[in-house]
Structures are given as C-alpha cells and as structure tokens.
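I'd like to ask some things about the structure below.
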Amino acid sequence: MNPAINTAVNAGMTPVATPFFFYMLAGLAVLSGLAVITRRNAVHSALALIVTLLSVAGLYLMLYAPFVAGVQIIVYAGGIMVLFLFVIMLVNIDRTLKERSFNHMWPIGLVASCLLLAMFMGAFSKGRALFVDRMIPLPEGSNTQMIADKLYGQAGRMGEYTFAFEIASLLLLVAILGAVIMTKKKI
Amino acid sequence: MTDITTLHYLVVAAALFILGVIGVLTRRNVVIVLMSIELILNAVNLNLVAFSRMWGNLHGQMFAIFIVVDAAAEAAAGLGILIAFFRNKETVNVDEIDLLKW
Amino acid sequence: MLTSFMSYLGSTMTPGQAGNQLWALIYVLIIFAGVSVAVICMNWIERKALAHFQIRLGPMRVGPHGLMQPFADALKLMLKEDIIPAEADQFVFWVAPLIGLLAAFTVYTVIPFGPSQAVSDMNIGILFMLGVSSLGVLGIVVAGWASNSHYPLMGALRSSAQMVSYEVAMGLAVVSAVLLTSLHGIGIYGVTGNGDTGTLSMIGIVQAQQEQHVWFIFKFFPLGLIAFVIFAIAMVAEVNRAPFDLAEAESELTAGFHTEYSGLRWSLFMLAEYAAMIAVSSIAVTLWLGGWVRPFPNLLQGTAWDFIFSLFPGLTFLGLAGVALLGTVRMPSHSFFKIQKIGLGVFGMLLGSLALLLLVIAIAGRSADMSLAARFNEGIGYVYWFVLKVAVFMYLFIWYRATWPRYRFDQLMSVGWKVLLPISLGVLMLTAVVGVLVK
Amino acid sequence: MSSPVNDKTLPNAVSNLDLEAPDKPYLDSNELIINMGPQHPATHGVLRVILKLDGEKVLGTECVIGYLHRGVEKIAENRTYTMFNPYVDRMDYCAAVSNGLGYCEAVEKLMNVEAPARAQYIRVILTELNRIASHQLWLGTHALDIGAMTPLFYTFRDREEILKIFEKYCGARLTTHAFRIGGCQYETYAGFEKDVTNFLTFFAPKIDEYETLLTTNRIWLERTKNVGVISAKDAIALGVTGPVLRASGVKWDIRKALPYANYSKFDFEIPIGTNGDTYDRYLVRMMEMRQSMRIIEQAVGGIPEGPIMGKVPKVIKPPVGEIYHSIEAPKGELGYFIVSDGSTQPYRVRVRPPSFVNLQALDIMVRGALVADVVAVIGTIDIVLGEVDR
C-alpha cells in the first residue's frame, strides 16, 4: 500500500482527542465486560455485553477499520445479541436467579485466569520489541472496497479470501441446519 | 496523554480475554458462558484489528470478519444446543450437564 | 472557534469529512431539532389524516384544527406520573426507552439530506444505518422483559422474532441496490478505483444514481422496483407499524411491549418509533428514490428548469399558507372561534412569510455562481426534495394503518421467510447477472 | 417460555382446564397462563378468558364470566310482567328490540293473545333494523379486533341512521323498550315509512363499501379463513345457534323453522356458510344484513292499517302455566322460559341467551390456534357480556 495515497485520503480526517476516546471506550468495554461475568441476571449480562460490543466497535473505528465496526454492530449487537435475549427469555431464569451463580470450581478458575493474565502481562512487558510501536494508517475511505477486493477478488481474479469466504458460508449453513434440527420439537 | 499504541489495544484485549475466561470457567449459567465466549472472541478480534493497523495490511481485519461469522455460527449452534438441552433437563446450569459422567 | 465556524462555510464537504467538529455539532443539533419538529408534525398529520380516512375530524379543540394538540399531549405526558411497576427490573425498565431513542437518533448522523448536508459521510454508511436501526429492537425486547408482565413479554418476543426475520430480506434488498452502485464506477474515493467498485456510503449511493442518470427504483426495470417494494414492506415490519404492529397489537396484547409504560417514558417510545419511521424512509429514499436529487434532473436540464424547480419549496409553503388562510375564512363567524381564527391566521402568515423568504432566496440565488444565496438556494432544494420524498413514505405509513388489518404472527413470519426472502434473493442474483451482462 | 413473573398464584379456575398432558416436557413446558380480561380491549366488555399458552399457541381456554351479572332473571321475580319489560333491553343492549320482541311474544303466548297485524309489521321492521345495527356493531368491533381500524367508523356512521329511526320512534336510541305486551308502545310517527325506505336506499351501497374494505382484503382473508373452525356436528352438540351455526352449514333459522311475528309472510333466504370458519361467519352476517333489508323492504311496503295494541287487560295476569318461546335474535336463538303462578309477577323467568351458549364454542374453536386468533374468534362469536352474564 502506498503511504502517500493514504495520507492524501486521510488528510481531511484529523483524529480528535484520540486518547480520551480510547480510554473511554476501553474503560467502558472492560467495565461492562466485568458486568457480563458478574451479574446474576442473564438479561443484565446480555445488556452489559451489548455495551462491550458497541465499545469494541468504537475501538475498531479508532483503528480505521470501519467495515469491521459495521459488521460488529449489525451482526453482533443487532443479530447475535437479539438471539441471546430471545433465548434468555425463552428459558426459565427464575430458578437460576435464586441459585448460586458461580460453580464450585470458581477459585481454581480465578487462579488459572490470573495466571493467564500474568502470562499476558509478562509477554507484553518482555515482548515490547515484538510489537512495533507504529501505526500505519490504513485508508479509511476505501476500507470496504479493499476488503471486498480481498474477499471477492477483482477483474475476474479470485481474491485471497474467496475460498475462505465460501467455507465460511458453508459453516453458517451447517450452523443454521444444526440450530433448526436442535430446536425443532418434532422433525 | 501519550499517543495510543498497539500495546494499549492489546492490553484492553487481554483484559477482555481474561474476563471471558473467568466467565467461562466460573459461571454456572450456560447462557452467560456463551456470552463469555463472545467476550473472548471479541478480545481476539480487537487484537487482530490492532495488528492489522500495526502492519498496515488488511489480513487482520479479514480474520476479524471471519471470526464474527464464526461467532454467529457458534451462537446459533450453541443456543440451539442449549434450548434442546433445556427442553430435556429443565436447567441451564453447566454443573447439571453431567450425563456423560455416569 | 470562529475560524472553524467560518472555514467550513465555503466547504463542499460534510462536516465529518471536513473534520470540522463545530459544524458537525451544529448539524447534529439542527437534525435533532428538525427530527423532533418532524415527529410533532407527523403526530398531528397522522391523527388528522387517519381521522379523515375514518370520517372523523380528529383533534379540533387545542388550537385551530388541533394544531397545538401535539404540544398539549407532550405537556400532558411530561406531567403524568411516571409509574415503574414494583416488580419490574427498575434499571432496565428505565433504560429501555433510551436504547430505542438513541438507536433511532444515531441513524441520522449518516442520512444525506444533500451532498454536503449530512453530519458525516461514512464509508460504511448504509451498513451503519442498518446496524444501528436494528439496535432499536433491543429497546423493545428489553422493555418487554423488564416490565415483568406477560403481555409485554409476548410483545417483546414477537418483536425480536419479527425483526430477525425481516432484517434478512431487508438486507438483501439493500445489497441489490448497493450492487447497482458498482455499475459505473463513480470513483469518488479513487483509491482502488478501477471503475467497477461500488460504495456503501449514503452520499456515494445517491451520487451513483445521479451519475447513472436513473433512480435505482427504475434501474433494470422491474428488478429495482421489486427490491424497493421488498424494502418498503420490510421497513414497515422493522419499525413495527401497521399491518405489522404485532409487538404492540392493542387488541391482542393490550399495548404489547409498552403496556406498563406511562408518561414521559412512554412518549420516548413513541418518539423513537416516529424517528425510526423517518430514518428507514430516508434509507429507502436514498437507495432507490435518488435522495436529494430533484425529479427529472437530466430530462429537464438548464438554468431555467433549475430555477423553476427551485421555486417549489416556496410554492409549497405558499400553498400551505393558502390552505391555512382559507381555513381562517371558512371558520364560522362566531365569537367562540375568534381566538382560533386569529391563531390560524397567524399560522398562515408565518407559513406565508416563510414561503416569501424561500421565494426570495430562490430568485436571489438563481445565478449559477457560488454566491452565498446561490449555495443556500441549492441546499434548500436538496433538503426540500429529500424531505418531500420522505413525506410520501410517511403518508404511506398512515395509509397502511388506515387500510389493513393486522397480520397474525405466523403469517408475518411466513411472509418474511417464504415470500420476501426468496424474492429478494432472486432479485439480487438477477441484478448481478444483468449487471454483468450490461457491462 | 417464561418470565420473571411469579406463576405460583394461579387462578383457581385454571385447575379445571382439561388439557391433554404433553407427551414429554417441552422447552416451554412451563406454559404461560395469561388472563385476557376482564379489562382487555378485545374481550367486548368484561369477559375474562384464561389462556393457557405454549409460546403463542393456545393450549386451552377457560372463560370466567359474571363480571356484569345484574341478576336480571331474579329481578323478574319481583316485578310485574309489564315492569320487567324494560329490563330485557339491558341484556343484549346491542339488539334491545329483539330482546323486547322475544319477551313480549313469550308473555303474549302465555296469555294466549296476539298482537294485531299492524303491530306485527312494525315489530318486524324494527327488529330487522336492529339486526342490521347489531351486525354493524359486530362488524366494526370484529374488524377492529383483527386490526382494521377503519370499518368501525364506517359502521358506526351507518348505525347512527338506524338509531335515529329508533329515537324518532320511541325516544330511546339503545335500550328502546319499543314493544309492549300485546302490541307496540307507540304508533309510528309521520314519515316512518319514508325514513325506513330512505335508510334502505342509503344503506345498500354502504354494505358494498364494507365489503370493498374487507371481503377480498388479503390480510383479512388470511386472518379469517380457517380460523376458529367449528364443524356442524360440534356446533349442534354445543347448542350453538345463529350465524355461527349457519356458517357451519346448518340451515337453522327460527324465523323460518318456527315462524313467529309474521315472518312466514315475508320472502327471504337463510344464508349459510360451508367451512364454519371466521370468514364464513363474516360472509353469513354480511348476507344476513342484505336479507334483513329485503324483509324490511317488504314489510314497510305493506304495513296494514289498524290498531297497534291487542286486547290485553290493564293488569297482566297470565294463567298458571309455563311457556318457552324463542326468537332469532341477531346473535342466535334467544329464548324465554316463563313460569307463571297466576299472579302479576312471573314465578320464574329463564333466558336462553345466544351469546352465552355460543361462547361455549370458544374453547373448541381456538385450541391449537394462536393468541391473535383468540381475539378474532371472540369477535366472530359476537358476544355481548350484558347478555352472557345477565
């Protein structure tokens, strides 16, 4: 990608208060993520998860990935979460509300997760060199078009991800069939 | 404030990932376990998109899109299984999904 | 601040593109106010038009011909006690209307009222609009659940199932319109521009129609028309209006998801519903009806025609003023009607002076140079034609409501899945095939 | 399906629901119990229907009635025959004239007197006008239940014309108390015939207007066809009468079968349906309106001269005995069973209200249907709670 073009395209878009928005969105994402796993009521969890998803979508926008952000909103927040809410309302949560919401193994799980976190942090601090401290600006304006090129190819050639795309559609088909068969009372 | 670097995003993603893992490991309600998996997938996505920006190519974003597709499939199948399970056992608790332990 | 205020004035980009936060904020405020006014107007027009469909008069008491009725209602709703059921989930109950409202209003950031009359032009405009407008259903679902009552819960379940099934057909119809934008590369982004890239940007879509000299509704007749009709049906389902108003079917579920709501919170639902109606109509107008483009931009070209079409806004308001003044004349000459008569007269005068102002701008701005008046005139034209096209949809919403019975839940689903979805898939494929062949 | 609603305090009545147990616990084995009414927009008053739902599917219903019970039958035992006459108007207030006709004829039969021919004709005209008015009210509210708002206002506009005739005739619009035992309360006013003929010419195109709105409306067809089907056998077994029975294909109309009040003199047809679904009931009622117009047309042209009151004593004292007399009210067979002990007050009056009997068919009609069908079926049965509860 030619950086010259990129700077030209992004010339008009000077990011504003980037750190502020980053910390706000990141904080929102993490806090509501915390709410997802701590709330007793599944609907509250789902609502918190929606907030997380939307803040992550905002982070994508800050990373100049508008198409991924759009997909995140339309598929995750609009589709999957409605499905989640639908199922939560379908299954009885009266009983689960009164019971323990964490299982017996929770200390072990917590410790394991903390270890994982420590490992991550170690990797980040040690491997600072690994993550190049740079941000190559991708052209935001033609993000969708470029992704489309990768997915479908252009001028008759197959794109890099065309095959994967087809496989993904197959995966979705299988998931649809599985879900239908699973939920049908009488087949 | 300093500039936001890739590492910042990675830390956020790591936090979300850990939250997701904790949720998967400790919660009893299958629905919330599934939601925690979504958290994990989102953390991965965030990493991928951040790397995509770091390297200045689109592969990360492509992977993120495929992961979203995968998440949709996972949610549909997972919730389908959950409903089928709930129909038979009247519970959504992971602890009680123990038929194979016999 | 002043410099950023002034610097944008000469710009031909949207504030978002120009990176001008001040003007973006101003546009947001203008749009917020405009939509609120539009909702108020829509409220009055719906009640009046529906009443006349049904051989009633509609509101007549508050103000001349009930013109002040929406304000009276708003006041009443604000003063009403805000009841939260004791067993309800307080926080979720409180937040639910806001979700719908936020979703409905966020959509407006990318609606192009003109080539530069939008808050921002997003590269993923249409995707963003569809995504955010589909978030509105979360408010409904959550409201139904939080009310902790059977009828709202059923309304919520109906709404979510309905949304999921209509979103698909809607999305496919939109895709077939987006496909059309790729036919003659418009190349405004020029980066990958080998001429056959389409666009998801709302402004780009309208510009594609401008460039191809055809509204997409007439493109590849009847393919464009069919896609448009599918969208027009699906959008009614999307905003829960009759005959798809199952989520709030008053004869079945008393009031559906907002059974337990009252006062201000209930009015927020209404506000969100009407805002969403305008938003989806705007999508339809942008995708198929040429957005801000005036009718026959190519057939009737030239400055003379431009001038004639630029008179339309003024003439419309002149007509409205005429109707109002005629109403003043026709009002019975009884002392009881005196105040109403004066009120209607003043209203007519206001409309008339607005009309005169618009006409003056139209005449002053007829020259093709880039004087402020000319630019202003141009902008008014864009917004006028856009709003007029949206208004047609708004009228259709009322018309549907007066004409049709309500669908049953399973019929609604079968229409969505068995009729609209296959047709939209077929249209999409045919559009692609025809597009390739034309090329 | 569940909600955080506390389902533990179920109404007692639900325990009577005889529902076949599902063969295995379903996802929604904790069925939703919904109280539709007594305050609900589509239950036509204060009917309370307890619905047992599986999702949106109706597993069973139970009607709880009595919220409008005023003890009309008991009141009758403490009133003289004449005094009780206005009370019957309050049962089916949408068809008050028919109620009065049934009661008056029953008492006349008990006393063995007959109303003079002129009175008979006036009775027929008013009763048939009232049948049209009742059907209009049914059509408007039924369409509103199904979601079509507009027909309601159209039918009410035209019903107004009928009510105006009633008002001119007897001063009351709704609870008319138009007839007396032995004849009519009032002589017709000047121009009565003209008003009625005018109404007929006015109303003929209006029925077509209703039909344009609904009869071929796609959504209307989908909402009403094969909804709330009841077979002729079931209908007869449940004692269902009126348009609901006729829509199932049974040609039973008391006006023809057991003619009363001169109906044998008029030429009209009994419209019947074939499928017994909501759409057929709709069509039958629409055709009945046209037939009623035919009857009125014949009657108004041939009102004979003469007295309007038969020879009845000032104090009505029927001989000891009992009588059952039934008429074809707009909603079905309206019967009065009167036991006289020879005094001025009836010993017992028992009303056989068509709405009450027809309401029994609700459960059979809506089982396995959806919630939206319940309101459609309640509408199509055409109940008036004043009559159900009495």
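Residue numbering begins at 1 within each chain, and the chains themselves are lettered A, B, C and D in the order written.
Assume a residue touches a chain if its C-beta (ideal position, glycine included) is under 8 Å from a C-beta of that chain, and two chains touch if they have at least 3 such contacts.
Values in this document were obtained by computation on a predicted structure and should not be read as measured data.
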Centroid-based (C-alpha) most distant chain relative to chain B: D
Most centrally placed chain, judged by C-alpha centres: C
Distance from the mean Cα position of chain C to that of chain A, given in whole angstrom: 30
CA centroid of chain C to CA centroid of chain D, Å: 46
Distance from the mean Cα position of chain C to that of chain B, given in whole angstrom: 36
Distance between chain centroids, defined by C-alpha means - chain A, chain D (Å): 61
For chain A, residues that touch 2 or more chains besides their own: 67, 71, 79, 83, 89-93, 143, 146, 183, 185
Per-residue overlap in chain B, given as positions that touch at least 2 other chains: 83, 86-87, 90
Residues of chain D touching at least two other chains: 1, 3-4, 26-27
Residues on chain C engaged by chain D in the complex (per definition of touch): 50, 53-56, 87, 89, 145, 148-151, 153-154, 157-158, 242-243, 245-246, 249-254, 401-411
Contact set on chain A toward chain C in their complex: 5, 9, 12-14, 16, 41, 43-44, 47, 50, 66-67, 69-71, 73-74, 77-79, 81-83, 85-86, 89-90, 139-146, 148-149, 154-155
Touching residues on chain B, where the partner in the complex is chain A: 1-12, 14-23, 25-29, 31-32, 34-36, 38-39, 42, 45-46, 49-50, 52-58, 61-62, 64-66, 68-77, 79-84, 86-87, 90-95
Residue ranges of chain C touching chain A (in the complex, touch as defined): 13, 17-19, 21, 89, 91-92, 95, 122-124, 127-128, 130-132, 134-135, 137-138, 141-142, 145-146, 153, 156-157, 160-161, 163-164, 167, 189, 191-192, 194, 196-200
Chain B-touching residues of chain A, taken from the complex the two chains share: 1, 18-20, 22-23, 26, 29-30, 33-34, 36-37, 42, 45-46, 49, 52-53, 56, 59-60, 62-65, 67-68, 71-72, 75-76, 79-80, 83-84, 87-88, 90-93, 95-96, 99-106, 108-110, 112-113, 116-117, 120-121, 124, 128, 131-138, 143, 146-147, 150-151, 160-161, 164, 168, 171-172, 174-176, 178-183, 185
